[in-house]
Amino acid sequence: MGQAAGLPPFMLLDPMLRDWLAEDLGRGDRATQALLSFGSASDSVGSDWVTGVFRLKQPGVVAGLPLAARVFALLDDQVVFSPRVQEGETCEAQTVIAEIQGSMAAILMGERVALNLLMRLSGVATLTHCYVLRLAGFSTQLADTRKTTPGLRVLEKYATRLGGGCNHRFGLDDAVMLKDNHIVAAGGIGAAIACARQSMPFPLALEVETETLAQVQECLEYPVDIIMLDNMPLDILKAAVKLIRERRPTTKIEASGNITLDTLGSVAETGVDYISTSAPITQAPWLDISLRLT
Amino acid sequence: MGQAAGLPPFMLLDPMLRDWLAEDLGRGDRATQALLSFGSASDSVGSDWVTGVFRLKQPGVVAGLPLAARVFALLDDQVVFSPRVQEGETCEAQTVIAEIQGSMAAILMGERVALNLLMRLSGVATLTHCYVLRLAGFSTQLADTRKTTPGLRVLEKYATRLGGGCNHRFGLDDAVMLKDNHIVAAGGIGAAIACARQSMPFPLALEVETETLAQVQECLEYPVDIIMLDNMPLDILKAAVKLIRERRPTTKIEASGNITLDTLGSVAETGVDYISTSAPITQAPWLDISLRLT
Amino acid sequence: MGQAAGLPPFMLLDPMLRDWLAEDLGRGDRATQALLSFGSASDSVGSDWVTGVFRLKQPGVVAGLPLAARVFALLDDQVVFSPRVQEGETCEAQTVIAEIQGSMAAILMGERVALNLLMRLSGVATLTHCYVLRLAGFSTQLADTRKTTPGLRVLEKYATRLGGGCNHRFGLDDAVMLKDNHIVAAGGIGAAIACARQSMPFPLALEVETETLAQVQECLEYPVDIIMLDNMPLDILKAAVKLIRERRPTTKIEASGNITLDTLGSVAETGVDYISTSAPITQAPWLDISLRLT
Amino acid sequence: MGQAAGLPPFMLLDPMLRDWLAEDLGRGDRATQALLSFGSASDSVGSDWVTGVFRLKQPGVVAGLPLAARVFALLDDQVVFSPRVQEGETCEAQTVIAEIQGSMAAILMGERVALNLLMRLSGVATLTHCYVLRLAGFSTQLADTRKTTPGLRVLEKYATRLGGGCNHRFGLDDAVMLKDNHIVAAGGIGAAIACARQSMPFPLALEVETETLAQVQECLEYPVDIIMLDNMPLDILKAAVKLIRERRPTTKIEASGNITLDTLGSVAETGVDYISTSAPITQAPWLDISLRLT
Amino acid sequence: MGQAAGLPPFMLLDPMLRDWLAEDLGRGDRATQALLSFGSASDSVGSDWVTGVFRLKQPGVVAGLPLAARVFALLDDQVVFSPRVQEGETCEAQTVIAEIQGSMAAILMGERVALNLLMRLSGVATLTHCYVLRLAGFSTQLADTRKTTPGLRVLEKYATRLGGGCNHRFGLDDAVMLKDNHIVAAGGIGAAIACARQSMPFPLALEVETETLAQVQECLEYPVDIIMLDNMPLDILKAAVKLIRERRPTTKIEASGNITLDTLGSVAETGVDYISTSAPITQAPWLDISLRLT
Amino acid sequence: MGQAAGLPPFMLLDPMLRDWLAEDLGRGDRATQALLSFGSASDSVGSDWVTGVFRLKQPGVVAGLPLAARVFALLDDQVVFSPRVQEGETCEAQTVIAEIQGSMAAILMGERVALNLLMRLSGVATLTHCYVLRLAGFSTQLADTRKTTPGLRVLEKYATRLGGGCNHRFGLDDAVMLKDNHIVAAGGIGAAIACARQSMPFPLALEVETETLAQVQECLEYPVDIIMLDNMPLDILKAAVKLIRERRPTTKIEASGNITLDTLGSVAETGVDYISTSAPITQAPWLDISLRLT
C-alpha cells in the first residue's frame, strides 16, 4: 500500500512516523528486549504471536486508522492490522474499530504511538464534526486555520476533512494572505496587491484581511480572490457580504474571529462562503481509545 | 545561549524547531518574498524593522518562552525577543508576556510556529496546574504518562513540570513497566522480573502494573521499585497502600486510571506517592495568546 | 542575513547548499588539507588570505549571487563576498559581477559549487529573458512548468522570475490541474471538478487541461479558475479565447505546447493571459562565469 | 533489485530520489488525493490500474531507465516499469523506450520526476555521444569535469559514460589537482607536490595544471601522474605532448579549455590521452520524452 | 525480521547501518560497477551468485551476527546470511560462524562493514567475558561505563551483555549521577539531591559519586539509589560497604576506578553489587574474523 | 574556524559530532537541567563558569584536539578550549594537553564525547607511531586499511597520519582493488583490468591483489598502478619486488598480511613501498586522558 485515500503517499509520512516511534522507543524497549532475550532460543520476534482489539471508549468520529496500520508495519511487516469501521465513520462508544495480530514485541512497541495518533486525530475529527453539524442547511463551509500542533499540520487538516470541514491553506506558500502589516509596509492595499501579484506563482489565490467596511470597500477596487472579514459584528458582516456580492460576485468570502459553536449559525446566515476557526483543532480533547491484547 | 533551564540543549531542539518552521513555510513565505522584492533596492531583510507584543488573552501558566525566542533566532539572529514574565509564571488575562523587535520578514515567518508552541505548551501547563492545586496539602505528586502528542513529548513533559507536575518515564527505554502481557509471556511475575533484571541497565527502575490485591501481594515477593495500582476502587487502593508500606517501605506507589479533577483528592488521601494521569496533556485546550505588531 | 529578496529563508536553503558542497568535497579537499598541514604551524585556515574576481564571460542576466555568497559563508563565515552588480541585472561580457576575499581554503572548497549555481541559474535567467523580450507590448506573461532539474525547482523558478517570467505552480500540492486521465477516472469533467473541490484546500486554484474547443465548452459549464489550451492551432486558440472571455471573463487562460521563440508572438496575439513553456529551463545552456584569484 | 549496472546501489540513490519526489509532491498530490477519496469505498490506490508508454520525441541516447523504474517503485512497489530499449542505446524519434503499468495514483505522482530525470540524463548522454563521435579513430578519450548540476554529479557522470565519455574525478577528494594558487601558496611546484604527497592517500593520482611549456618542463622534474595542458594553442600543445612523452612516458596527458565540437579533432591529433570539457553537461538541452497513459 | 533479541528494532538501527555502508561506498563501489557493466547484458546484480564463509581466526565470544545479516539485507534483500553459531557463543578458532549466499556485488559491497562490526563487537564481548570469568562465585556484577566509541554505544553495550556484563546507564538522561562539581554547584549534597529529585522523572535512579568515607556518611543522610565508591583503597571500600549495608540496606553499591583483571576479585570480595570499568570496551582488540568466497 | 589542518571542513564533521553528542545526551542531561532550574533565577547557562584541565595519564601521541574543541563549541559557543600541546605531538604522562573555560552545563554535557574522541584517536595515533618507528631508516611507508570502526573512518585515518602513517584508500570509490573474486568473475586478470578501466574515472588507481609469483607475473602484462603482495613469505616477497622493479619501475608495491611489530623491519627490507596493516587501528587501546574541573 503506497497511499491511503486523502493522505499523502506513505513515502512522505514514513519519516514522521519513524521519528514518533523513535521518540517513544529511545534506545529501545527494555521490556521487550528483556523478554525476547530471556524467553526463547529463537532470534525471531514472531515467536510470540498475540491478537488485540482497538475499542472506542467514547462516541466520536474515527480518524487515523491507516496511520495506525502503518506504525505497526514500520516495526514489523508481519503485523496484520484490520480496521473494522470506515475511516471517518461516526461510531458509538465501545465500538471495536480495529483488530490486530502480530508479534507481541511489535505490538507493544507500536501501541503507544498508534493510540496517540488515533486519539488525537479522532478528537479533532469529532469536534470538527460538532461544528459542521451546526452548519447543516447552510451553504457555508467550516474551514480550519494554521493554528495546528507543530509537526501535525497535514494530519490534523486531514482529520478536519474527515470531520466534514474544509481546509484553508497549508502554509505560507500555497496562498497569499495580506494582513495589515503587509499593507502598511507596501504603502497601501493597491501597492501590496500589485507587489504580491508580481512575484507569486500565478495560480495562487490572494486573500486580504479586512476589519472594517472601509477596508472592504478599498479591497473591492482590486482583483482579490478571497476577502476575509475578521472579527466583524454581525450587522457589519452582513453589509460587507452584500457589498462584495454586488461588486465582485466571484470573490470568495471568509468570516473569522471568535467563532463559537453558539455563534456559528448566525454567522452562516450572513451568507459568507467560509467560516474559519481554529477551535476544532486547538480545543479538541483526545477521544479515548484502548487496545486490549487477548 | 546554548540551553534554557529545564530544557535539553538547543542543539537537540533545533532540528525539531526547523522542521516545524519548514512545515509552515513550505517553499517559502510568498507574501514576505513579494514585499521584500518589491519594496526596496536592498537585499537585506533588516530594512523593515518592526516591534510587537505577545499578550495573554486568558489567564494561565505561561510555557514556551525560550522556544519562541529560538524560533525567531533560527530565522534571523538579529531578532530580539524579550520575555516580560517568568517562564512558568501564572498570569492574568491581557498580560504582556514578551516583546519582540526585528525585521518584519523574520517575525511574520516565525509568528505562527512561535504562537502555536506557546499556546499549546501554556495550555498544558495551565491544566496541569489546576490538577496540582487539588493536591495541595498532600504529599502525593501528580505525574504524567506516555500519552503525549507525537513529536512533542519532551516539550509537553516540560510544560507538565512548569505546571507543577512531575514526569513519569520519557519512553520505553528509561524505566521498565511490566504489564499483564509481559507477565503472561514470561510465565509469571517472578519470571518476568528476573528476566527483565537480567538484561536491563542496572540503574533503571522496574515497575509492575497491578489491578487486584492478589497481584499486589504477589508483587511484594520480589524487589520491585514501583508498584502501579491501576483502576482500583478507593477501598482496595487503601488496602494496597497499607500492604505495600508494611512489606516494602521504600517501594514507590503510583495510582492510575480514570483520574479526574474531582477524584484527585480522595485518591491522594490513600497515601499513594504518585497519581498519574494523561488528562492535563490530552484534555488541555490551547491558551489563547496573540501577537500584535506595532 | 536570514533571507535574500525573492528567495526562501536560508534556513530552508542551507541543507541543499550543504548537500551540494558535500557532493563536491566527498571526504574532504585533499589539496587544501595538504597545503594547510604543510605550509604553516598554524591550525587556522585564515593564514592564507586571498582575493578573487567573478567575471562574466558572455553577456547575460546574472542570477544566484546571494546563493554564491551563502556557499562560502557555510564553509567559513570570515569570507567576504561582495556583489558588484544587481541580482537579475543584464550585463555585458567581461563584467565583474562580484569580488571575494577570504582564506584560500574556503574559497577553493566553495568555488566549484558557487560557480555551478551561478552559471546554471544565470543560464536560465538569460534564456527566459530572451523569451520575455518577445512578449514586449503584449499583456501575455511567460510562465514556467514543472519540467525543472530534480532538486533545483525553487532556484530555477527563482531564476525564471529574475529573467522576467512568472511562475506556474511549484508542485502537485499548490494548485490542482485536471488532465485527461483524471477526468476519465472521475467519469467526466463535472464529476472530476466536484470531487477535486470537495477535498482540496479552498484557496487553491483548479485548472483544467483542454485540447479541443468541445472540451473548452464543456469546461465552461463549471467554475474553473484556469483553463489550459494545450497544443491548439492558432485559429482554434483564438476561438477558444473568445469563447472563454464571453462566458467566464474572470477565468485565466493559459496556452501551452510546442512554444518556440518564433511562435511566441503569434500565440500572444490571441490574447491568452499566460504562455507556459519549459524551454527556458530545459534548453538553457549555462552562462560562462569565471573566478580568478589574485 | 539492489543495484543497476554502472550505478551506485539504490541504498545510496534512494534518499535523492525521495527528495526529488518530495520536491514535486510538497504536501501531497491534491488531484490524486481528491480522486481517490471521491471515487471509491476502497482505501487502496490499486483500484485504478492504468498502463502507459514512454516515447522518445527526438532521436538520442537513452539514459535513466533504472532511475525512472526506481522512482515509481518508491511510491508503490506494485508498479511494473518495463524498459523496451537498452540503457545507453541510441534510438530514433518515436521509439517506445519503456512501458508502465500500475495504479493511476502512483504513476501520476511519479511521472514528472521520472521524466525530468530521463530527459535531463538522456540530453547529457546524447550530446556527449556527439562529441565522442568526433573522436572516432583517435585513441584520445573524452572526459567530463566538475561542472555538473548541483546534486546530480553522480548521475550526470553516469550519463557521460553512457554517451561514450569517461569520467574525470568525482570530487575534491578522489584525486588532487594542483592549480596555480596551490603552487604559489606552497612556494613552487616541487614544494606543492611534496606537500600534497605527504598527506594524501597514496593511491590517489596527483595532477598538475599547466598553461605554458615552461610550466610543463618544470612539472617533468617531479613524479606527476597527470599533466593538464590548459588552454594551449595547438602548436604549443603538440610541443608539450612531445616533451612529456619523451621524459615521462607513463604520465597521462589531459587537454582542456575552450574545446568545441569543431576543435575536438585537431586537439586529438596532438596525441593527448584525454580531452576534458564541460560542454556535454553544461550545454546539453533536455531530450524530449513523453508519457502517455492508455 | 523487525528486531533481534537484545537489540533495538531495526527501524532504529538501519540509519546507522546505512551511514556505515555509505562511509565505505562513498560514491559507489567502482570495481563492482565496472564488473557489472562489463560482464553481462543484464541489469540485475543477481547474475553472479556466490557463497562464502565467515570464520573465526581466534577463539572468542561471537557478537554481531544479526547486524551482519542486516548489512547485507540493506544492500540486497536476496542475500541469505545463515549463522552457524549462537549469538554470544564462545567459539574456538577456525569456527565457521556464518555462511552467506547472494550476488557477488552485494556481498563485496557489504563485506567490510559487516566484518568490521563483527570483529569490533566480538572483541568487546570476548574481553568482557574474560573479566566476568574472574567474578565467578561472587554476587558482584561487572558493569560498563559511558566510555564507548562515539556512535557505537548501543552496540558496544549490547556486546557487553553478550560477554556476561551488565549495563550502566546509556546516557545522561536515564539516571542521574551527581559528581563533585554538581554538589559544589548546588551548595552541598543535600541541596544537590533535592534539586535533582525536583526536576528528574520520578522513576529514574539517583547515584552519588563518593571518594571518602566522610562523603559516604553524608550521603547516607539522604535517599540515594546508588552510591558509587570511586577509587577507594580496599580497606576503605570494605568500611564503606559495611556502613551502607547497615544504614541503607536497599541502596546499590558500585565500585569504580582503576579496575584491572588482577584486582577484580579482591574488589568483589568487599561485597559491592557492581564493579564498573571501561576496560572491556576501551582496551579490547578486535577479534579476527575472515570472509572467504567460494 | 571553518577547518582544522588535515581534517575535512567542520561543515562535514558537525553532523557526526552532533550525532555523538545526541547519543550521550538522549533526551537531555537530567543533572544539568536540574541544577540549572534549581540553582538560580537566571535562564542562562553562563551563570556557572568553571575551568578545567585535560591531562594525559599515559605517554602517547595526542590526537583530536580540534574535535574536542568543536564538541564544546556546538553546545555553547562561549566555551573557550585552549590546546596546550600541538596536535600530533608526542607527550609524557601527566602532560596538560588542553585547558577549558565555560559554563559548567556545556562542559559537563560535552565532557564524555570529547574525552572519548581524544582517547580513541590518541590511542590510534600512539600505536601507529610505535609501528612507524620500526620503519625508521627504510623508505617503506606504513599504510592503514579499510578495517576501521564504523562511522570513524575519516577520523581514524587522520589519527594514522598524525602517528606518522600514510593512508590507503578511504572507500570503495577512490581506488579500485581487484581481488581474486573479481578476476574470476571477469574471466582473467586482463579482462578484469580492461573492464575496470573502461568504467572507472581515469585518474583513479587500479591495484591488483596477488598471492603468488605467478600472479605477479601475469599482472605485469598489464598497466597496473599498484600491486599488492598478500601474505607472501619473505623470499617470495623479495623475488616479487625484484620482478616488478625490473618490468614496471613506476608501479607501486604494497605488502600486506599478518604484519606485526616484529616482522615490520624484515618486510621493509624487501624494498616494498608500503606495508599495510590494520593493527594500529584494530589493536589500539585507548590512551587514558582525564578532565578535572577546578
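By letter and in written order, the chains are A, B, C, D, E and F; residue numbering begins at 1 in each of them.
Note that in this section a contact is a pair of C-beta atoms (placed from the backbone, for glycine too) under 8 Å apart; a residue touches a chain by one contact, two chains touch by 3 or more.
Small disclaimer: the values here were computed from a predicted structure and weren't measured.
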For chain A and chain D, chains touching each: B, C, E, F
Homomeric contact chain C-chain D: same or different residue positions, threshold half: same
Furthest chain, CA centroid comparison against chain E: C
Taking each chain's C-alpha mean as its centre, the one farthest from chain A: F
Mean-CA-position distance for chain E and chain A (Å): 43
Distance from the mean Cα position of chain D to that of chain B, given in whole angstrom: 50
Chain E and chain F: spacing of chain centres that average the CA atoms, whole Å: 22
Residues within chain A bordering two or more other chains: 6, 25-29, 32-33, 37, 109, 154, 170-171, 173-175, 199-201, 204
Parts of chain D lying in touch with chain B, wherever the complex brings them together: 26-27
Complex contact set, residues of chain D against chain F: 6, 141, 143, 157, 161, 166-170, 173-175, 199-205, 207, 223, 225-226, 250, 252, 273-274
Chain B residues within the chain A interface of the complex: 16, 19-20, 23-35, 37-39, 48, 50, 104, 108-109, 112-113, 115-117, 119-120, 123, 146-154, 170-178, 180-182, 185-186, 192, 194-196, 198-201, 204, 278, 282-283, 285-286, 293
Sites on chain B touched by chain F in the complex: 1-9, 11-12, 66, 87, 154, 170-171, 174
In the complex with chain E, residue positions of chain A that touch it: 18, 21-22, 25-29, 32-33, 36-37, 42-45, 74-78, 103, 105-106, 109
